[in-house]
Structures are given as C-alpha cells and as structure tokens.
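So that we are looking at the same thing, I have put the structure below in structure tokens.
Chains here go by letter, A, B and C, matching the order in which they are written, and residues are numbered from 1 within each.
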Amino acid sequence: MALKGAEIMKRLPKTNCKECGYATCFAFAMKLATGGAKLEDCPYLAPEVKAELEAAMAPPIKLVTIGVDENALVIGEEEVMFRHEKTFFHEPGIAILISDKESDSDIEKKIKDIKEFHFERIGKELKINLLALSFESGDKTKFETLVKKAYETTDFALILICNNIDVLFSAAALCADRKPLVYPITKENIDLAIPKLKELRTPAGVKGESIEEIVSLTSTLKEAGLEEIVLDPGSKNVREGIRDQTFIRRAALKKGFRPLGYPTITFPCFMYQDKFKEALAAAAFITKYAGIIVISPADKHFLFPLLVHRFNIYTDPRRPMTVEENVYEISEPNEYSPILISTNYALDFFIVSGAIEEANIPAYLCIKDTGGIGVMAAWTSGKFNGEAIADFFKKYGIENKVKHRKLIIPGVAKKLKDELEEELPDWEIIFGPIEGSDIPKFLSKEWKK
Amino acid sequence: MILIGEDLNVMSKQISLAIKERNPEPIRKFVVGQTQNGMDYLDLNVGPLTKEPVETMQWLVKTVQGFTDLPLCLDTTNPVAMEAGLKTCKKKALINSASGTSESKEKMLPLAPKYSAGIVLSVINDAGLPSDADERAASILESLEFANELGVPNEDIWIDPVLLPVGVDQRQVSAYLEFIQMIPDLAPGAKSVCGLSNLSYGAPKELKVLLNRTFLVMIARYGQHSAIVSGFDEELIHINKGEIPEIVNLIHRAMNEDDMDISSLPQKEVEYVKTTQVLMGKTLYSHSWLEV
Amino acid sequence: MKYEAPLEKYPVNIREAVLGKGEKAIKIGGENTFPFHFFEGSLPDPPGLALEVLDIQPENWSHWVLEPFQDVVSEPVKWAKRCVDVFGAEILCLRLLSTDPMGKDASPKQAAVIAKKVADAIDVPLIVWGTGTEEKDSRVLTEVARLCSGKNLLLGPVLKGNYEEIAQIALEHGHAIVAQASMDVNLTKELNIALCKFFPPEKIVLDTTSSALGYGLEYTFSIIENVKQIGLINRDNMMQMPILADFGGECWRSKEAKESKEQGILWEAITGITFLLAGANLLILRHPDTLKLIKEMISEKK
C-alpha cells in the first residue's frame, strides 16, 4: 500500500453516509489502504479525485512479472529501505547466463544441469528458474536456436540479452507467450522498440549510462502505455551498484518519484571474472535491493550459498521462522541414544541440531510445534509445558524409540522439570545446558557417564 | 478513564491457593481493597482453568460478588469457564477476551450476545499479532463486522490494541499510540481497553509504576476508555481522578515536544519527561533510561 | 518532476576506536554514513579484517580450513605469525579456549602467558577473546590485561555479569573492550550506559553476537543495521560505537562449509560481506582466502 489510510481519508467526502458499506469514511479509507475495498464503492468521489487517488495509491515500485505460471518471477512492490522496518516482499530472481557463443552440446549440458539442480532448506525448495540468454555470437540464427532450445526444453522464465534490436525482438517473438524480459532498451533503440513492445506486451529491461538517462526512458515508455519495466543503471561494480540501487529505491519510496518506481536488474556476471568475487557481488545485490541478479553458470557449491542467502534476507522478520514438528534423527541414533527436546523456532533448531552434530553423538531431537516461539514464551503460553510434551510423547511413540528413560530438556525451562516428572513418571528429566552451543560439552561429559 | 483492577490473578500464589482450597478470605482482602481504592470493574483472571472449570468459576464469581457490587471482567481463555461465569454474574459482565482468530470467533464471541455482556476484542487474528497501526486497523475492522453481524453493537465492544512491553518491542508501543487515535473514526461508539501492566513487563521493578502512570496519561489524552491496572497503585489512581494536574500537564507538554529546560526541573518531573520521550519512541529504551 | 540524487546526510559520527599501538595500529569506525555510501558521506576507516588463532589444538576443524595452518596449529605464536606474515592479517584474534572450565580449565596465569607471547611476537593489533564464561573470563582477562599492560589490546567478550571488573582493569592498563549483548538493541544500550559511567566510549567496540549464513544470518544483519541507524539517524550517543562481527568459527562448523573448499569459503565470505553491508566495522574470520577475497572486494574503487 502506497498511501496510508489516514492520507486517503483526507480526500474522501467525510460524510459517513455508509453507502460504501462501511460505518465511516475512515473505515473505508483503511480498507482501501489494505486493498480490501475499491474506489468505485464510494459514489461521491469526483472523477479527478478518483484519478488522483488511483495514481497515489499505486505502489511506489511497480510489480513486474517475467515468465508465466509456476516459474513466473514476480518482483517489485517493495515498501521499505530496511527489512527491519517491515519486510522485503519479493525475492529477487537469480538468473544463469548462457551465451550463444557456446557449442550446441555445451548449451544442452548447461541447461540440463540447471534443470537438475535441486536445493532445499528447512523443507522449502530454493529454486533456480530463470535463464539469461546472451547474444554474443553475432549470428542471428545461433541466438534464435539458443532461445528456442531454452523455450522448448524448460519452463523457466527468460531474459533475452541482445544489443541488436531486430534480433532481440525476432527472438522474443519465438517465446512471446513466456513473457520474456527483453534487454537492453536504450536511448538509441527506444523509438524502434516501442511499437514492438506494444505488440508483444512483454516486460522491458531499460538500460542507461546514468540514472538521469533511465528517467527519460521510463517516462517515454510510460507515455506509450508500457509499464512492465526493469531498470539497469549501468553500474560497473559493487560500489557503484550499491549507490545506484540505493538512489533508485530512495527516489521511489521516499520521494515518490514515479519514473524510478520499478524493480532493477544487476549483472555480476559482466562485472567480475573471478567466480568468488562474482558470488560476493551477487550476495551484495541480493542484500541491496536488486530485483534480478544475473550470474555466470556455476556448480552447486557456488549456487547453494547464494540461494540460502536470498532465502535468509527475504524472510519476513515479523514472523518467526519455523521448522516442522517431528522427531529428528541426528547422526543415526539407536535405542541407547540420548533424547533432547526443544521448540520449532528455526534459530533454536539450528543451534541445537548443529551442536548435536558437532558433538558427534547420535541423538533424537524432538521438535515440538510452538508456533515458532522460543522455550520460555512457549512454556508460558502452555505450548511447551508438561502436558503438551506428554501429548507429544504419545503422538510420536517416544517410549518405543529408546530403551532408556532419560529426557534432556532445555536448561532455561526451570519449572518444566517438575511438570514433566508429574506427567511422565517413568522418565528421568535432566536439565541440558542453558546455551545450545554448550550441548557438545554437555553430551560428551554427561551422556557418556 | 475506567479502571479495571487486575490483582485477582491466579499467577499470585495466594489467590491460586485460595481458589484451589475454596478459601474466601484471601479473595475478600483483594476484592475489598481494590473496591475501596476506587476501581470501576474487577478482573477475575483464572487462566486456562482446565480443572473443574464450571464449579471453580461459579464459586469464584459468587464469592467475589459477596464482597463487592462492582461489575466483573471475566478473564479466561476457556469458553466453558467463561460461560459458567457469565451465568453467575449479577451485573452486566465484561468478557476478557475474544480476538479475530477463527477459534475465538467461533467459541468466545457468541457468548456476548447470548449473555448481553460486553466483550474485549483484541486485534490478534489468525496471522498473529499485527505489526503496526494500519494492520491493527485492518484486523479490527474485520472482527467488528463479524461481531456486529452476530448482534453485538459497537458500544458493547472494548477494543484491545494489545500493548507489548516497551523493553521487548518499543515500536509496537508507538503503533499502539498511533492506533488508539484511529478508533473513534474506525469504530464509532466502540470502547477501548488495555493491560497497562504489560507495558512495564521486564523493566526494573522500582520503575514499573513510572512507565505505567506516564502511559496512562498519554492514552487518556488520546481518548482511551479503560485500562486494566493494579488496584493498589495509589498515585496512578490519583492521577486518573485528576488530582495531580501538574504531572498531567507536564506529560502533555512533553508529548507536544514543547521547549523545556530539563535541567531546571525537579528530579521527579525530569523522570516523567524522559519516560514520555521513551514511550513516544524518541529515545531507544534501555533499563537505565532515566540515567542518560 | 526532475530527478535529483536523493542524498542523505547525517549530523553525527560513529566513534573511532584505535586498536593496537605503533605503526601497525588500526582505526575502525569514524563514519558518518552507511557502509559503502562514499557518495554521500565520509568513511575514513576501511573495515578491519582479523584472522583468529586458538591457544589449543583445533578439534573437528574441516580439512579445508585446517590446511593453511596444519603445521602450526599446536603453537599459537607460530600460528599467529603465519596469519600476519604470510596471510597478511592486519588484526589478530587469539581465542583462549584453554581456559574453558568445561575443557582444559587452564588458569588465568597460564592463559596470560600465552597471550603475552603472542602479543610480543606480532606487531599488529591483538584481540584477546575468552570463552564467554563470565566468572572465568573476568579472572582470565584481568590477568591478560595486567601482563600485556600498555599494548592496547581489544579484550572480550565483556558481558553484563562481568563488565565492572574487566572494564576497570582495561582502563588501568590501557586496553579497549568488546561489549557483548546478544541480539537485543535495548540490552546493547543498557550495557553501554553502564560502561560509560566510568569507561571511555571511544574504547568500546560492540558485539551483538553473530549467526552464520543459513543459521540466523538475517537476525544479525538486521540488528547491526538497526544499531547503526540508532546511532547515526536517531543520534543516540550510547549506540555510536563501532561494531564487530565474529562468525568465522560458526560458519566453518556448519555441515555446509565442510562439503567443499569453495562452499566453505563462500559460506564465510557471504556472511562477512552481508555484515559489512549492515554496518560492521570489523570482521573476525577463520580462513585466509576469505580474508583475501573480502579485502579485494572492499578495496575496489568507483
């Protein structure tokens, strides 16, 4: 929501006539702000006021979709400079660059490898589903072959990188229904590009040598009714990139400057030869506002850290990250292995499970669903007390997993021991360490006894 | 502001034991004390009350009503206990509380029209606690629609914007202050309520009352209808009655960010000014906020 | 509407902390704008990059990260010199893990002797790090402070439960301290207020504790960003100290880092660059390749 309810309120009739279905104009304004109502619902708005409100209520950074269906990349509609102010909303796309200079077999292999990548983290799939196809051969047929190959053998969203406007759009025509991003649209080719963009209705990647140049390009496109735009300010390295990305986002969010109100695209693949530097640059742009990051083909050891990084930066800080409730088996425990229990707050899970792994002592880690809140808060609200844990034991048949009857509980949950001794009279309840990171020492000292 | 006394609470060992043993004497002390100090309602906080909910609640309400004529605020998450309490209340009761979650709408909210009771309606919904004022507004609008359709008029709805401890999430305190000002336009005729003591949870023991009293003045200025407070904080009660106008004026001036030469003020007044600045979000909270 | 570069200027500076003494002393902090925002403010001191050594033999270190030091890990002095002379570390961090009460439980005197040997063997600033056990660290760091008097070490972690003793002794012997409060801006401020009653703020470096990529990186990132803003934008002078991020160990302990050298380096480097982007003024790293990589990235010009 670009405009706050209180701001919208100022333009409403303020008669509280209720014809929109709400008791007051203020209530209607709040609903409009959150997208729960439509401007049309108010019969008393003058057409100019309605148009003004519509323009003002539009999100400051346009939502742009590249690709279709499952693999569509949706970027834009960001609201903050810093994720702790609210959250970042739309994960940037990570696109892998394939050049048409390569041999057909190399291209086939690269595409195959990319399709076969499978990454996951705490149960969530981390996708690579974006290809950037680059015209470097100088040969139109080669480029079109590459585009066709990508289009026919994958469902991925596509970015077409081609500095020859005719070749660019003839290739785009081959995959038009996949809504590819055509790049670059520049001051040199924009006049030729506009009619073709109108025809294809596909998003446009605008490139300028400076931010001012981009401003005039987007304004021209907007006048032609074309608003699915992604911006490239032409940054040459990370330092320039941070400056340009910051300026664009600030202008859009803080100044309401519409000509820069679009998501951006960055090219670490063209900035750095060294793979490690390219990866760091990609991470920097993920952190600093980029909507698309184009990288060179790489093996999984380069891709996985970037995917996890993107996942981390784009988690919503307002919602605690959780893992699924389960009995996790760490390092292949058997019926004599220790049992520990904790909450499903992801951070705690990582610390505890990581510590157990480090200890090299196989164990069962019981993770109870507490809605993602930590031990003490969960205990207070009854989600991690004696009763709740006893239920968990029944549900997961813990008694059948081990021959011993010892349960290790988080050291901070002081009152939990008494409660559990009542609920599970056959079990010895042992306090684990207060800090998860002390688990290795604790287990090696206490469990081995 | 209407004050609801919070001290009859099962978190207190005395009260918890008295209820368990059906011993009216400790109950009497708390009830009479709060009544004499000028509370307008008494909150009966029994928690989830999983054991013998009906008999326990009936006994408690009857016992309390034997010692006071004040209307009661029934505080439990258990709808069975709540209903038993509502049946037993002589005066129009206040249900504490319902929320925008599907479960609460299904189980708790219908008790209000059934027993013609007032109902505390919190901004929490299935997505959890809203993170800012606008989200609170969206949540409460939905809940109000639902409640109105069930036959509960706004006048019987006491909106709880949910007050978080300033030491845990200071921004939520600012969100509270922003939201409370929206209520008259958002929900004409609706009342508001909060658990004032939540604000100072975790703060240094001797400074909790300073936070609570300052905030009371601030929300009173924004039209807050009622608050659940300690029935034994005498200065708070005096302030609420308008008997200490100098402090109220001082806090208002700090809210206006009037030019004030702090160095010329007596210690107690400096403390109120600094506390106001923290509660407005102008200064980052720390337990030593008075020492900076 | 014409485009004007949306510059933002902040009226205050983060304090500058000086680590070490002499020619190789390093300054961190001093900036009046956000990281890498050279276009709208001044960042006089590049981020400090430290390598860490342990005073015991590393256990369970993956092959990739042990490799550069394999032949010297049993001798802290040699290990430290390797980091400085061969790998170009401008700052060194010595972890006194031998003092862990649940481990070797070495005495404060023993630990201080090691610290002095290392401090004498190198000319770059030295960070001396305890085990986070309040009572033991207090005694250990006190001994270290005395024996290394005048060397302007950076001693840590200083915690709510032991700051009075450690800060006092640091003051007497001319050292700086790391004030550590875990993942909480209010507690960070709290500790700083308590310290600044008697300890100079310009000799404090903040540690909000760090989590590695995939293990809570975003919590650390946002806390560091928040602390930096509270200092620069809200002008809270109890939050204007430089910030360090200590995460090399946690990165390399992860199972992901153990899978291959590339993934390990990237795990540490990506974590590091993220914290620099948040506002960290000093990073404590484990692998020399990570240090080299980050150093090259931050040294690039426009």
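Methods note: a residue touches a chain if its C-beta (ideal position, glycine included) is under 8 Å from a C-beta of that chain, and two chains touch if they have at least 3 such contacts.
Please read all numbers here as calculations on a predicted model, not as lab measurements.
Colleague: Could you give the fewest steps needed to travel from chain A to chain C through chains in contact?
Modeller: Counted as steps through touching chains, the separation is 1.
Colleague: From the centre of chain A, which other chain's Cα mean sits the farthest off?
Modeller: So the chain farthest away from chain A turns out to be B.
Colleague: If you average all the Cα positions, which chain's own average lands nearest?
Modeller: A
Colleague: Name the two chains that are joined by the greatest number of C-beta pairs in contact.
Modeller: Going pair by pair, the biggest contact count turns up for A-C.
Colleague: Rounded to the nearest whole Å, what is the centre-to-centre distance of chain A and chain C, using the mean of the C-alpha atoms as each centre?
Modeller: 30
Colleague: Mind checking the centre-to-centre distance between chain B and chain C? Centres are C-alpha means, answer in whole Å.
Modeller: Between these chains, centre-to-centre, one finds 44 Å.
Colleague: For chain A and chain B, let me know how many angstrom lie between their CA-based centres, rounded off.
Modeller: 38
Colleague: With touch defined as at the start, can you tell me which chain C residues reach chain B in the complex?
Modeller: Residue list for chain C touching chain B: 185-187, 189-190, 193-194, 230, 234, 236, 238-239.
Colleague: State the interface residues of chain A toward chain C in the complex, per the touch definition above.
Modeller: Contact set of chain A toward chain C: 82-84, 121, 211-212, 215, 237-240, 242-243, 246-247, 250-251, 254-255, 257-260, 276-277, 279-281, 283-284, 287-288, 299, 301-302, 304-306, 308-309, 312-313, 315, 317, 346-347, 350-351, 354, 357-358, 360, 438, 441, 445.
Colleague: Note which residues of chain B are touching chain A in the complex, please.
Modeller: Touching chain A: residues 48, 128, 131-132, 134-135, 137-138, 141, 182, 185-188 of chain B.
Colleague: State the interface residues of chain A toward chain B in the complex, per the touch definition above.
Modeller: 1, 4-6, 9, 16, 22-27, 30-31, 33-34, 36, 86, 318-319, 382
Colleague: Applying the document's contact rule, which stretches of chain C touch chain A when the two form their complex?
Modeller: 1, 3, 5-6, 8, 36-39, 60, 100, 102-103, 211, 213-219, 221-222, 225-226, 229, 253-256, 259-260, 262-263, 265-267, 269-270, 273-274, 277, 293-294, 296-297, 300-302
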